[in-house]
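Chain IDs A, B, C, D, E and F follow the sequence of writing; residue 1 opens each chain.
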Amino acid sequence: MSLIDLANPTRFLALTARALPWLAAATVILLAIGLYQAALAPDDYQQGATVKIMFVHVPNAWLAMFVWGVMSIASLGTLVWRHPLADVAAKAAAPIGAAFTFLALLTGSLWGRPMWGTYWEWDARLTSVLILFLMYLGLMALWRAVDDPSRAARAAAVLTLVGAINLPIIKFSVDWWNTLHQPASVMRMGGSALDKSFLIPLLVMAIAFTLLFVTLHLAAMRNEILRRRVRSLQMMQASRIAFSSEAGSRSENASNEVGAV
Amino acid sequence: MSGLKQGELQLHGRGLRCVRGGREVFARLDFAAASGEAVAVVGRNGSGKTSLLRLIAGLLVPAGGTIALEGGESELTLAEQCHYLGHRDALKPALSVQENLAFWADFLGGERLDAVESLATVGLDHAAYLPAGFLSAGQRRRLSLARLLTVRRPVWLLDEPTNALDVAGQEMFGGLMREHLTRGGLIIAATHAPLGIEARELRIGGVA
Amino acid sequence: MSLGPYASFIVTSYAAAAVVIAILIGWVVLDHRSLTARLREFDRSGVTRRSGRSAVDS
Amino acid sequence: MTALSALIRRDIKIALRVGGGALIGVLFFLTVVVLMPFAVGPDLALLSRLGPAILWLGALLASLLTLDRLFMADHEDGSLDLITMSRTPLELACAAKALAHWIAAGLPLIVATPVLGLLLNLDMVATGAVALTLLAGTPALTFTGMIGAALAVTLHRGGLLMAVLVLPLSIPVLIFGVAASQAVIVGPMTFGAPFSILCALSLVSLVIGPFAAAASLRHGLD
Amino acid sequence: MTALSALIRRDIKIALRVGGGALIGVLFFLTVVVLMPFAVGPDLALLSRLGPAILWLGALLASLLTLDRLFMADHEDGSLDLITMSRTPLELACAAKALAHWIAAGLPLIVATPVLGLLLNLDMVATGAVALTLLAGTPALTFTGMIGAALAVTLHRGGLLMAVLVLPLSIPVLIFGVAASQAVIVGPMTFGAPFSILCALSLVSLVIGPFAAAASLRHGLD
Amino acid sequence: MSGLKQGELQLHGRGLRCVRGGREVFARLDFAAASGEAVAVVGRNGSGKTSLLRLIAGLLVPAGGTIALEGGESELTLAEQCHYLGHRDALKPALSVQENLAFWADFLGGERLDAVESLATVGLDHAAYLPAGFLSAGQRRRLSLARLLTVRRPVWLLDEPTNALDVAGQEMFGGLMREHLTRGGLIIAATHAPLGIEARELRIGGVA
């Protein structure tokens, strides 16, 4: 199935229907493995058992950034090709990304209390993640506030691309300013500095969360397509009522169904 | 004053489709206009006259079809060769009549006529130093017309241009349009009232 | 498995993650149900799509 | 060039006439500065410590309060239609409008800073540092705020939604502006590092702002 | 009565649709609270000391940012003409508009206060106190701000001028609001005294605001 | 529907003087209109037609002279018995057509007609649930007309009411005005185009 086929919403729906069960199953299996390995992982000599928070914190933090990246690519699709499926992808990703960001913030704070003695500190990494969260919320508010989806999509796309500047800031904030937060130890130049007993469960969990995102995203996109279908059908119904009351004088201009259908 | 005569202009649209707010306004619309020609777009309220003008001006993106101007200056886009006179008159109440006009003349650029002269032509010379916020509806419309005169552009897109003009104003405006046509310009005007010049009719959306 | 003095923090993190993910899943599933229900409604009232297919078909 | 300078001159003229002149900007700034001690409590040491923050908040506020209508006013009276149809690239026109806004709303604040520094118990050096950071940073506020102003037109929405979209973008500017000023007043950091980041932010926003705003306006056409 | 409730319902509806819903108000408030620590510096003790002031500043901001267009929008589209010509006394209509504004812009903030208190390191009692003072005090902000909004129409001016007119009027509200909250948090004053002054201010503004606004609108007719 | 017939209405102004922005617009203007009568105010652009209507509606304060309505409901002021239809249409783009109309019906109060019915009369029933921001110029004008119908007021002050209406709309509106007159109302309309009904002419500021 080529990319063009994928871009067709109807094909897309058919594909999702087939793929979703498999994706969901894979997610569940990997999550189970990851959790099992995380439970078996040894305590850290410095952090004790609290290191277990890492296995939720880090994947969520990564995904918080990854999802914005996905949205940025979709936004390019919206602005450059004006493709409705790109709008759908961007819109469906926002709440999921916001949820992951929220979890990163929450688990980070919960980890910070034992490690740094405080839930919250205004340092660059934490703050830039909080800004990311605010921007997710802003985007969701924007989508909600505007009822014309294609108009909202274009505005949201501009904002998403502008917000993408935040991603490198989050990523490199620990290097640019020496802060409380851990510098990168998994993904950095010159190989990982993390012990295998932590690294493997962490990677498994990260893959599991990524799969979780893909599953949820596809399902949310499907919902979004259906929502647009409902919207255009509603509009057809409304204009149909209009025709009957206008005694068909507008038959030449019969309003067609538009949108993602 | 010579800039326009360099060749015959041909403006045409083919198979235009317009969608606004998710609803189709018109589809499969063709039109054509050439130098020296005026087209009066007519149709019921809500049939899409304003939308058509905005499509031509590049202020709306067509959902289908093409619009092209042949014979114009090749390095300029269609929109850059159009004057658009809409319901909203692009005047700043805080600036004087003269300042408003001078701004658009400077900003729109291109071949220009003397601003004072065009104010006199539309009968607003006595009000040149009044803030535009003090103008009556018809005086505002006249000031918008002065904009068409100070900056020369070959295609005029006029949305109900005679609105708010008094009888003398309508005559004056008829004269301006005729002059523009003889100079090789073309006019597309949406209107419900008679336009005051001879014009080919383009009907949108069935019989009114 | 002993979680040390900070067990409550660890448990809270995992629980919070579980709750948030459950909310996400619930949102997706319920949304899907209500949307397909509304599309069926349209189907019954005889509104069809431009393509002529019924509202619920993909 | 005539086109752009005409646009800048027009916008400044309107801002001065409708907004009530440059004096109003200063007066507003003054009010904010006078207001703060009431909000914070009359503790002079605390005040002079908060001085740069207060001045920066005043600048942020002044730009938020006026940016809202940057494109909306032109949209509502149809000017924006004609601006889009002109031979000037929309990006340049957006930049010109933002520049005019900065001259009318940002510059008076910077000029007034020395006077306000006195009120806030700041010494000469500190006042100078704040004025310098404002000079380097307020363009960033205007040029990122412009994106929100353009979105407001695209979305037919204004008010708080715009503020919510814009504020996160202006947070970094605020951080480094205040950090640079604080560095001069209390140390221990150097002034140079945050200040150069501030300048970098301004430069980046000078490029991104007009493009994002123009893209948003173009795609928001109706 | 129908007339007034219709006006209130309309204004709330528009505020929610155009402003993007009550959620936006809360989000805005959140952003302001997040913003403050950047300006002030990451000092938790100082933050919790400034907590009430920050929340009050957020409320002031939210009302300033939205009040600007309270009458201006109705003036520009001609609604104000019809409102003046209706059988409802203009004073009551003004009061109704202000009430709608408060419901759409003020109330969400008060509801959100508990969450924000958490971020600012305020304890339960302090948060409750701040919420209570906001409940008692924000009507005063709206009803005095309304006078500025009416003047903006009369003078054909907007933007900062309005803020300059309104801010001095809202200073007393801010002082006593913060004082009352501080009293609960650090003492030594009692909560009662500043709080009752705050309530008195609100009551006075409830009376004076509509009359002043209506008078200004009537004299500004043209 | 009876409210108006209770007596003959007599609206008259004597020795009116209007000053705007420090400049005198007209002086020593007299006019009169009675139940069942339509007055067409005509004159050059800027002669003061709109100003006169706003004086009557109480939206401007006369610099001299008096305006009085005799025979109306005594406990209401003149302004409260007038409908004013100006250039600015008092519509909120964010509200639907139906919500806009319902608001004005509720707010203006008094004797009322069914909102749905008046929407049908002006030909906007199919757009009832559309946001008013989606309407074309003529559709907006029609919605403003619906306001005159839902709330009954004896004096109609109309400023260029036929602007933007299509031919069918102008006919419809003519019918509405005639009905209003036969019901004992009175109309004062500023206009440059023919009004569509018989009307006495009131010329301001010399010959056009």
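In this text, contacts are C-beta pairs under 8 Å (C-beta built on N, C-alpha and C of every residue); 3 or more make two chains touch, one makes a residue touch a chain.
Here the structure is a predicted model, which means the values were calculated and not measured.
Novice: Please report the minimal path length, in steps, between subunit C and subunit E on the chain touch graph.
Specialist: 2
Novice: Call it same or different for subunit D and subunit E: same when shared residue numbers make up over half of all numbers used at their interface.
Specialist: same
Novice: Among all other chains, pick the one whose mean CA position is farthest from the mean CA position of subunit E.
Specialist: B
Novice: If you tally contacting C-beta pairs, which pair wins, A-C or B-D?
Specialist: Looking at A-C and B-D side by side, A-C shows more C-beta contacts.
Novice: Calculate how many whole Å lie between the centre of subunit C and the centre of subunit F, each centre taken as the average of the chain's C-alpha atoms.
Specialist: Comparing mean C-alpha positions, subunit F is 54 Å from subunit C.
Novice: From the mean C-alpha coordinate of subunit C to that of subunit D, what's the distance rounded to whole Å?
Specialist: Here subunit C and subunit D have centroids separated by 42 Å.
Novice: Could you tell me the distance, in whole angstrom, between the mean C-alpha positions of subunit D and subunit E?
Specialist: Taking the average C-alpha coordinate of subunit D and of subunit E, the gap between them is 23 Å.
Novice: Which subunit F residues touch at least two other chains?
Specialist: Only 20, 87, 94, 127 qualify.
Novice: Of all residues in subunit C, which are in touch with two or more distinct other chains?
Specialist: Subunit C, residues with two or more chain partners: not present.
Novice: Listing for subunit E: what residues touch at least two other chains?
Specialist: Touching at least two other chains: 17-20, 24, 27, 31, 34, 38, 41, 76, 156.
Novice: Which residues of subunit E touch subunit A once you look at their complex with the stated criterion?
Specialist: Answer in residue numbers: 17, 19-21, 23-24, 27, 30-31, 34, 37-38, 41-42, 44, 119.
Novice: Residues of subunit F touching subunit E in their complex?
Specialist: So the residues of subunit F in touch with subunit E come to 20, 57-61, 76, 79-80, 82, 84, 86-92, 94-95, 99, 102-104, 106-110.
Novice: Over in the complex, which subunit A residues touch subunit E? Could you list them?
Specialist: Touch list, subunit A to subunit E: 118, 120-123, 127, 130-131, 134, 137-138, 141-142, 144-145.
Novice: Which positions of subunit C touch subunit A when the two form their complex?
Specialist: Interface residues on subunit C, with respect to subunit A: 1-7, 9-10, 12-14, 16-17, 20-21, 23-25, 27-29, 31-32, 35-36, 38-39, 42, 45, 47, 49-51, 55, 58.
Novice: So in the complex, which bits of subunit A are touching subunit D?
Specialist: Touch residues, subunit A against subunit D: 79, 127, 131, 134-135, 137-138, 141-142, 145-146, 151-152, 154-155, 157-159, 161-163, 165, 169.
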